[in-house]
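Consider the two complexes below, in which chain A is the common component and chain B and chain C are the respective partners.
Right, the complex of A and B next:
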C-alpha cells in the first residue's frame, strides 16, 4: 500500500515549531542557572520528536542535524555532560537553525546553508564525535554476509525459548509462520521439559524446537525473524551442510539485560496541554462571518418587530442569544498573549549579552487573550518597545551601581484587561527619559515652537512625532530607521493607542492599549444627507455646534475653526464622498472632532444618530480600497454604512492643504 | 481486522500511524501519552499496542509495565517505536515486557509488515 506521508507534514511542522519554542524557553531556563531536570527532559523530548518525525517524513537534513543535537542533550540529561553557558548558547543557535530549516522546507524560505553547516559542525565538535553517516541512512541488517553463507541449501535452527517468552507477546507459532514464508520448514517439537499437568503454568513455555529450513534463505532473514527475542532464548543457527559448531549465533547465556534503573522521563510533566483541537483559521473566520450576518439579521428583525408586541419577548431572547453566540465565537479567535511574550526571554537574553548589560525580564498576564490578528500585528511594535528599553532604558551595570541601583536592570512586561481593552505595559527601571533633551530636540527639529509651554506628558508625547529620535547614535539594535511614530501608527491602525510615562533616574513605562478584537467596533453613527457613516468611538474627542465667528480660512490650512486655543481643519464629509447634505452652512450642522496621531480634525455632518457595536465588513475584499474608508457594516434597517478611516481622512486633509498651498503660490 | 492502540506524543506520528493502519482495515485508537493510553487500554481490549517510549506524563516503558500487570494484556503484542540512537531502549522496552520494536524512522509499509507479523 502506497501512502503519501507528505499529508502529515503540516501537522509535523506545527508540532515541531511548538517543540522548538519549548526547547528555546527550556534552554533559557537552564541559562538562568536553575538546575532543572524537568527543563532538560522537555528539551530532550522535543528534540527527540523532531528527529523521529523528520526522518519519517523524509526531511533527512533536519533529522541528521537533530541527531547530533539530541545526542548532546541526552548526555546533558544523564549528567554525563556539564551544562555550560557556551553549550546553552550553541543549543539556542541550533534551535534557530532548525526553525530556519523547517521554515525553508515548509514554505521555500531562503536557507542560510553556510550558517547551518557551521552550527552543525560546532555541534559535532562539541559532541566530540564525527558521525559521518546520517542516522537515517544506517540500515539495520548488516549486509556483510559472506559469499559462503549466501549460497546454501538451508539452515538447521535449534530454538529454545525461555519460559517467560509468551508473556512478552511473542508466540513461537508466529515465528514459524514467518520462517515458513522464507522456505520449506520442518518443525520438530521437544517436550522433555514439560512438567506434570498439575504443575503447569499456562503462561509459561516449556517447549523447544528443532527447525529445518530448506531453500536458498539468507542468514539475515532468519536473524530478522528472531531479532526481537534473541535475548529471550537459546538459539543456534547452522547451515544444513556444515558441521553444527562452525557458524553459530552466540546468543543464549546473556539472558535479558537488566533494565537501567532510573526511568528517564518523569511523570507529571509541566507540559500543561490544554484539551483542544486544531481547526483551520478559515473555518473559524467563516463561522465568525456567519454569526456577523446573524447579528445583522437579528437587528433587522428587531427593527421590524417593534410594530408587533407579540414578538417582543422572543426577539429579546434572540438578541440575548445572538450576542452570547457572537461573544463565544469571537473567543475562538483569541489566543493568549504568551504567543508574543514567549519570544521575549530569548530577545532579552541575546541583546543583553550583546550590549554587556545585565537585564532580567519579568512577565505577567501571559494568559490574557487577544484576537489572533491583533496578536500578529502587535508583535513588531512590542519588539521595538522592548528593544528600546534594553538599548536606551537600562544602563550599563557600572552606571547602575553608581546610581545606587542593583547592577541587574529589570524589564517588566505585563498584560491585563481594562474596560473592554487589553493593556500591555512595557516598564523598565532604567535611566528614564530626560525631558529637557526631548524638548530641545523637538524644538531643533521644528516639531514644536520654543515659546509654547508644554506639560510633561506633552513633552514625552513628542517622542511619537514623525522624525524624532533621541538616540545619540544609531545603534545596531534600535534606531533601524523605525521610530516611535511607526510604533504608534501601527498600534493605532489596530484601533488602539500608546502612551508613555517616565521619571528620570527611575525608569519608563509604555502603555499599549489594544481592542479585544478587530471584528467588532464601537461606533457613532452620523448622518450626511441620506447616508449614514460610522465614526469609531475611540477617535472621537467631542462633538460641537459652532458659531460663524469661530470659523476661519487660514492660508495653507484651508477651512479651520477655533476650538479653545487650537485651529482645527474642517472636513466636509459631503464633499469628500460626493453626497447631497441637508446642510451646507457649517453653523447648521454638527462638527465631530476626531483625533489620530496627535492631530485633530473636525468632520462636518448633518446629525448624530446612535452609538452601537457594528460588525466590520472588509471593503477591500468585497469591493476595493477607498481612501478615507476603513470598512463597511450593515445597520439594523438593512442599509449599508461606511466606517470612516480617521487617520486616512487626516492625511487627506493634509493633502488638500498642500494643494491649496500650491494654488496660492501659483 | 484488529483493534490497535497507537500511542505517541507527536500528533504527526499518530496521524501517520492511524492513517496507515486504518487504510489496512484496522480499528485504531490514539493516545498522546502513557497515562491516556493506560486509561483507554483499561476501558477496552486491544489486539495490539504500538507505543512511543519518550512521552510526557507517563513514558512508554512505564506504560508497558502497567499493561503487563493487567490480566487483559498479559500476552498482548506490544511494539515500541524507538530510534537507532537508543539501542538500549529496545532492550529496556523488552525488559519491561514489550514484544518487539519498530525502528524510527519507518515508512508505512514497514509499519504494516511488522504489524501483520504479530497479529494473528
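Right, the complex of A and C next:
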C-alpha cells in the first residue's frame, strides 16, 4: 500500500517550526547559564524529530544540517561538552538557518545558501574541535561510567512492548536493525503471549524479545534507540558482565532511575499534545458564523416568544446557552499573547549583544488571550516598541552605574485585561525621554508653534507625529523616522490606542490598548430618518445638542461649530447618504463628535439609539467597497445595519473643506 | 483516489447540464411579461421579497443588502437594471439568490424579479444564438435564446451581468455628460 506522504508534509512543516521555537526558547534558557538538563533534552528531542521528519520527506539538506546539530547537542546532553556562550549563539544561528531552509522548501523562498553553508561549516568545525579536545572531557566526566563500560562486553536487553506499540508507528524490527549496527546482536523472540489465531488482533503486538548485544556499546546509545518508546514497553537493560548477580542489580536500577526523569519530561509534553488539536482557521470561522446565526435566530425567537408565557423559561434557557456558546466559540480564535512574546527573549538577546548593553527581559501575563488576527497584526508594532526601549531607553552599563542604577537594565513586558480591552505594557528602567529635546525637535520640524505652551503629556504625544525621530544617529535598529507614527497607526487600525509615559532618568512606559477581537465591535446605533447606522464607539468623543450661536459658516457654506476652542466641521449624514431625515434643523437633531487620526468632525443625526456589540461582516465579500461604510452587521431582528467608516467620512469632509477654502480664496 | 474520481464525475455532470451539453436546465422567471432563464446550477435559493437595508452611494437598481443566514447579500432589482418600468412589489415578487463567478472568486447576489415560473429542460439544439439588434437593444448579457413550448426564453449570462458594469446604460451616459 503506497501512502502519499505529501499530505503529511504540511503537518511536518508546522511541527518543525514549533520544534524550532522550542529549541530557541530552550537555548535561551541555557544562555541564562542554568545547568538545565530538562531544556537540553527538549532541544535535543526537537532537533531529533526535525532530522527524522526531514529525512522521511527527502529534505536531505535539512537532515544533514540537523544531524551535525544533533550530534553537538547529544554531547552537551551527556555532559561531554561544555555549554558555552559561543556554542549557544552558534546553535541559535543554526536554528535560524533551519527555519530559513524549511521556509524555503515550503514556500519556495529565496535561500541564503552562503550563510547556511557558513553556519554548517562552523557547526562541523565545532563538532570536530571536540574530537580533539574530547580526551580531557571524557577522562574527567567518565569516572563513574568508565568502570561499567569498560568492564562489560555487551548488554542483555529484555524488551516487551505493550500491545498497542504498532499503533504508535514504532516498528520493533527497525529498532533491532539499529541495534544491530551498534554491535553483534542476537535476537530471541518470545511467543508465549500470542493468543489463538481466532482471538488475535492483527493490529496488536503479542511478542516480546530477549536481545543480546555484544561488543563495546555505550548504554546511552541503546537508550537512544529505545528513547521514543520507553513509555510504551517494559524494558530491562543489564550489562553482560562477569559478575551477573551483583552488577546487574545496580544496572537494572539505573535503568528505571534514568527513565523517570525523561519520562516525566515526556509525559509533560504528552499532556500538552492531548490538550490541543489542529483545526483549520476556516473551520473555526464557519462555526463562529453559524453561532452568530444561532444568536440572531434566538433573539428573533425571544421577541416572538414574549406572547407565549409557556415558552418563556425555555427561551431564557436558550438565551443563556447561546450566549455561552458564542463566548466559547469566540475563544477558539483566541491565542495566548505568548505567541508574540516568545520571540522577544531572542530579540533582546541579539540586540543587547549587538549594542553591548546588559538587558534583562521580564515578561508576565503571557497567557492573556487575544484574537489571532490581532496577534498577527500587533507583532510588528511591539517589536518596534521593544527595539526602541533597548536602543534608546536602556543606557550603556557604565552610564547606568554612574547614574546609580544597576548595570543590567530591565525591560518589562506585561499583558493584562482591563475593561474589555487587552493592555500590553512595554516598560523600561532606562533614561526616559528628554521632553525638552522632544519639544525642540518638534519646533524645529514645524510640528508645533514655539509660542504654544504644552503639557508634558502633549509633548510626549508629539513622538507619535509622522516624521518625528529624536535619535541623534540613525542606527539599523530604530530611529529611521518611520517609527512611532506607524506604530500608532497600525494599532489604531486594529481599533486600539497607544500612550506613553516617561520620567527622565527613571524610564518610560508605553501602553498599548487592544480590542479583544476584530470580529466584534462596540457600536452606537444612530438614527437618520428611518435608517439606522452603527458608529464605532471607540471613535466617538461625545454627543451634543448645539445652539444656533455655536454655529459658524465658512464662506456661507461649510458648517462648523465651536466646541471648547476647537472648530469642528459638521457633516450632515442625510446629505451624504441621501436619506429623508426627521430633522434638517441642526439644533433639533444631535451632533455626534467623532475622531480619527487626531481629526474631529461632527456627524449630524436624528437621534441616538442603543449601544451594542455587533459582529462585523464585510460588504466586499459579496458586493464592493462603499464610500463612508466600513462594513455591515446583523441586528437582533435579523436586519442588516451598516457600520460607518469614520476615517473615510473625515476624508470626505476634508475634501469639502478644501473646496470651500478654494472658494474663499477665489 | 475516491475524491479525484468524484470531482471528475462532478465536472462531467456540470458539462452535462451546462450550455455545451445535450440537455441544459434553466430556472425561468418573468420580468415585465418576458421570460428569462438562468443556469439552474447557479441558483442558491428562491425567497419571497423582504425589506432590505439601503446602502447609500450606490446605483438605483441596487436595492440594498439582505441577511441571508449570516451572509450580507446585495439585492438588485432586475427591472431597474434593465431600465424597465418600475412596479410595486407584490406577494408574488421573489428574490433569486445566485452565485456569480468573477476573477476574485464567487459572490452571492440576489435579484428581484416579478415571479419565477418553471425549471426548463432545454436540448442544446433548441438554443439559438442571439440576433444582433444593433444599437437598439444591448444583448451582451444574453447567452442565447431558447424556445420552449413556443415561448422565447432569454438565457442570461449572470457573470457578465454582474461583473462588467454595475451601472445601467443611462447612468453611464449621464456620467459621460
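The working rule: the second predicted complex is superposed on the first by the 480 of 666 C-alpha atoms of A that agree within 3 Å, B and C clash if a C-alpha of one lies under 4 Å from a C-alpha of the other, contacts with A are read in each partner's own complex, and residues count from 1 in each chain.
Just so it is clear, a contact is a pair of C-beta atoms (placed from the backbone, for glycine too) under 8 Å apart; a residue touches a chain by one contact, two chains touch by 3 or more.
Here the structure is a predicted model, which means the values were calculated and not measured.
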**Prompt:** After superposition on the shared chain, which partner residues are touched by A:437: those of chain B (first), chain C (second), both, or neither?
**Reply:** neither
**Item:** Which of chain B and chain C A:57 touches, first, second, both or neither
**Value:** first
**Request:** Using the touch definition from the top, say if A:8 reaches chain B (first), chain C (second), both or neither.
**Result:** first
**Request:** Pick one for A:640: touches chain B only (first), chain C only (second), both, or neither.
**Result:** second
**Asked** Which partner does A:200 contact after superposing on A: first (chain B), second (chain C), both, neither?
**Response** neither
**Request:** Using the superposition described at the top, determine whether chain B or chain C touches more residues of chain A.
**Result:** B
**Asked** Counting only touches as set out at the top, which of chain B and chain C does A:240 meet: first, second, both, neither?
**Response** neither
**Contact residues common to both interfaces of chain A (with chain B and with chain C)** = none
**Prompt:** Can you name the residues of chain C that touch chain A in the complex?
**Reply:** 51-58, 64-67, 69-74, 107-109, 166
**Complex contact set, residues of chain A against chain B** = 1, 3, 5, 7-9, 11-12, 14-15, 42, 44-45, 48-49, 51-57, 63, 67, 70-71, 74, 135-136, 138, 140, 166-171, 174, 178, 203, 227-229, 231-232, 256-260, 263-265, 267-269, 271, 273
**Asked** Touching chain A in the complex: which residues of chain B?
**Response** 9-13, 15-16, 19-20, 23-24, 32, 35, 52, 54-59, 61-62, 68, 74-78, 81, 83-85, 88, 91-92, 94-101, 103-109, 112, 117-118, 120
**Fill in**
Within their complex, chain A touches chain C through residues 289-290, 292-293, 296, 531, 576-579, 617-619, 621-624, 626-629, 632, 634, 638-642
